[in-house]
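Report on the structure given below.
Chain nomenclature is as follows: A, B, C and D, assigned in order of appearance, with residue numbering initiated at 1 for each chain independently.
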């Protein structure tokens, strides 16, 4: 079963970011699977919070195309208003959030709004959704994206969801942002991490089958490589079994 | 009341319309399609995230402004009509007032409580503050200007003819949208008697004094899910993504699924309702409202 | 967990405690009486209107400050212990932070959303602005400073051991009090399984992550009403009014009904439970949470 | 059945203030009966809103000691949070409110908080409850109280619920108060009314069995008597039947 897709690897890596006992603002797509994997492995008491207005302590039994699908409500611990889930996050009760990104820069700022001038954009992206809220209010967060030079850029042209801002230490607290900001960017090629207290992303581990040179080539800024850069551990059989149980047709991980 | 009559009467051109307030579930597609058939123009659409419906109304040229946190296709990604309108002004230019999910909720609570704005700690450090004039940063807080919909259009599981609506499952910003709106139009899977709605007044979503229309329209939320009634039609969303990539295929899709369809009943005849219907029932344990 | 243990662990001296948040119904008298028995001191009590319970805690000397809209005896009028404390500093002086019902709700929403204050149009022109430092008039609005209870104590109809609480009937400011509080202590008429609470997640009042204790204490709200379980004991409120007019009769009442009573079970033995119990049942029509 | 108590008369008079179609913020005690009487007579489509979190379109079938009693929930059109009922009032949807008062002055300002210096009051009254909210936000309101010289005073020492302020025309709009303020004070002796746009209370009608001189003697300021002062119409048999149906033991009207 050692064969796996890049998405399956990303899910496995993301699931390892979830600590037992965490309240996780789950979001959509791969993170829904990451929560399921973690909950069934090393984080049995992790809870999931969904901005649609749900709290859960176990993954949905059925496949989820969206967080609002009926199986996500069965067994839910709370079905409420979105603003109540945001209230918990604004109080610092959300330990970890996941955000999807279209564009990220070296300081972890995300753009999901506009490529080019907002007045007449080259590309109009869907927008923040809950992304900006998670980026600002959750204690720490992680983003997942395809590793392409056009996506990992020196500076994003529009900051939808602030990471570590201009990269100077303490930027977030100076700006009055409550949460700690991004801790990792999980891409199709590697895992990037940020120093505590903010700053610039560096390569922490490269995914099996890929090289540091390849990562550098696909990144839009001169990339810092940590001295102890390692190879990302591949998904375990247990992780893959769990992933394939919750994404039986590969809707998220094999398309 | 029929959906055609409800939209004719209560959603005139230029209206500010809140829809899709429960996010991915209970999206009032039938109401939106009727707005398209009636050639509504100059609408301002208000919502949190919109899963395809706003994209369809934008592509049909009904929309002047979008005030929302996210517009696209949740399981498929980008909203192609939204992109064309914003990038190429096709079929027309639209104005975008960006929000986050939390800030659009607060904008509606501000209107519900009749105050000019509400403060929040979210959006600090976000460029959304630069593109939305209704978000003002001051004294370390963001002040979210009230958004007052003329009408909130909501799909629910059941309602009575007097406008008492029962909805369940995750409800997103449905409550504040209804309270903030001048009036509420409801579509429902089941039209029930007051004996059902009043048996559980805590599940009634809105003050009936704001409800101006109740339309009995089973399947009105397709392809979005309805707890206890319909699963989400993922394939339909994928098909819409494919058939909205260019103006030509979108126009064909619109003719095929909206303009060429007289009403929701005819639309439902073309859906594999049986494969989408939820068949396994999970009734809630009753609450005892006994009083003597 | 027993009520004695819940109060011992979670309501230390000096706590800010929200109670009676559903106004006249579901008042957690058993919890309040246990605070009196445990000789709690320096409490700040937070609530909308308080029907007798705050008066009892004030008379027992547990209270340093009251942050509320109204303190008395709803069917009988004035709160005699409240008057003695405010007028004669008997048994001790208390500080009063006056609110209206709307403003105390907003103070709790401010805390729930973690902002310093929320604006409102109420209280303009009221002298309450002069006596409560947490209400600031500016630019034609009143800014209501956040009130963050250390603990919200809530009585509900049913809950499970994990802290998922179902409450119904009018709920006043219960939801915002729970969200604003650092922790929640629940007493319930019935301790039920998760199969009951999770059958209706929309009726769950609070995130279980804030609930620190669930006490199965039938009748814990007496003499206040509990929809589906108990009528209001009007005669008991009248008796309390008579027996609180002077310090002496109040002290006798306190000995008789609180200090001299070991626990709620013993208290209930002295109540004509049968005449107060609601016998005619009105079950809500179930909602179908089916998902496939 | 022409025999009736002062409270029964007050309830009948109060019920006549309710127009058909009104949304009434009902409050406690006598107004609960006034809503029941009006709803069963001239105001069949009047709805009641209760700050506890209820809306009704008919009186409760059972006796109510408080608005939170179980019979008030049976048949309710909405059981919600208090803040949602306040939202409707803040939007101007509440046509009429009732407020109980301990002290009222010539301009209709109510005191339910402190007699004497708030720092060391002669009498500590229960407080606002929803009174200040109704006084400020409802379109028009009415107060009921026992007509005593110590209660109807020149100026209240503490304004819990603002009426027409200092009595100058337009005081409320200058202060930014949304609603129109008090239209009547219904006492045990008479009905006092206010001119449109604010100002000072005047005697509109004197209750049967009482005289203008008696009213003047029991009032703490030089009272204006309107030229067309009339006798208050006594409760009709229909009104009394209705009152006694909803207060069978005279809990509110015969004690």
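Keep this in mind: a contact is a pair of C-beta atoms (placed from the backbone, for glycine too) under 8 Å apart; a residue touches a chain by one contact, two chains touch by 3 or more.
Predicted, not measured: the structure shown is a model, and the values here were computed from it.
Distance from the subunit A centre to the subunit C centre is 41 Å, each centre being the mean of its Cα atoms.
Annotation: 37 Å between the Cα-based centres of subunit B and subunit C. Between the CA-based centres of subunit C and subunit D the separation comes to 27 Å, rounded to the whole angstrom. For subunit C, the set of residues that touch two or more other chains comprises 106, 113-115, 120-121, 168-169, 171, 175, 202, 227-228, 231, 278, 282, 289-292. Along subunit A, residues 54, 69-70, 73-74, 76, 79-80, 83, 86, 90, 178 each make contact with two or more other chains. Taken as a contact graph, with one node per protein chain and an edge wherever two chains touch, the assembly fits none of the named shapes, being neither a line, a ring, a star nor a complete graph. Applying the touch definition to every pair of chains gives A-B, A-C, B-C, B-D, C-D. Interface residues of subunit A, counted against subunit B in their complex, comprise 28, 50-54, 65-70, 72-74, 76, 79-83, 86, 90, 113-114, 118, 120-133, 135-137, 158-162, 165, 172, 175-178, 251.
Chain contact summary for the complex, subunit C toward subunit A: residues 112-115, 162, 164, 175, 179, 198, 201-202, 204, 206-209, 289-292.
For subunit B in complex with subunit C, the touching residues are 106, 113-121, 141, 157, 166, 168-169, 171, 195-196, 199-200, 202-203, 227-229, 231, 278-292.
Residues 23, 47, 54-55, 62, 69-71, 73-80, 83-84, 86-88, 90-93, 178 of subunit D are the ones that touch subunit B when the two sit in their complex.
Contact residues of subunit C toward subunit D in the complex are 22-25, 48-49, 51, 68-72, 74-75, 77-79, 82-83, 85-87, 96, 98-103, 105-106, 109, 120-128, 130-131, 140, 168-176, 224-225, 227-228, 231-232, 234, 237, 278, 282.
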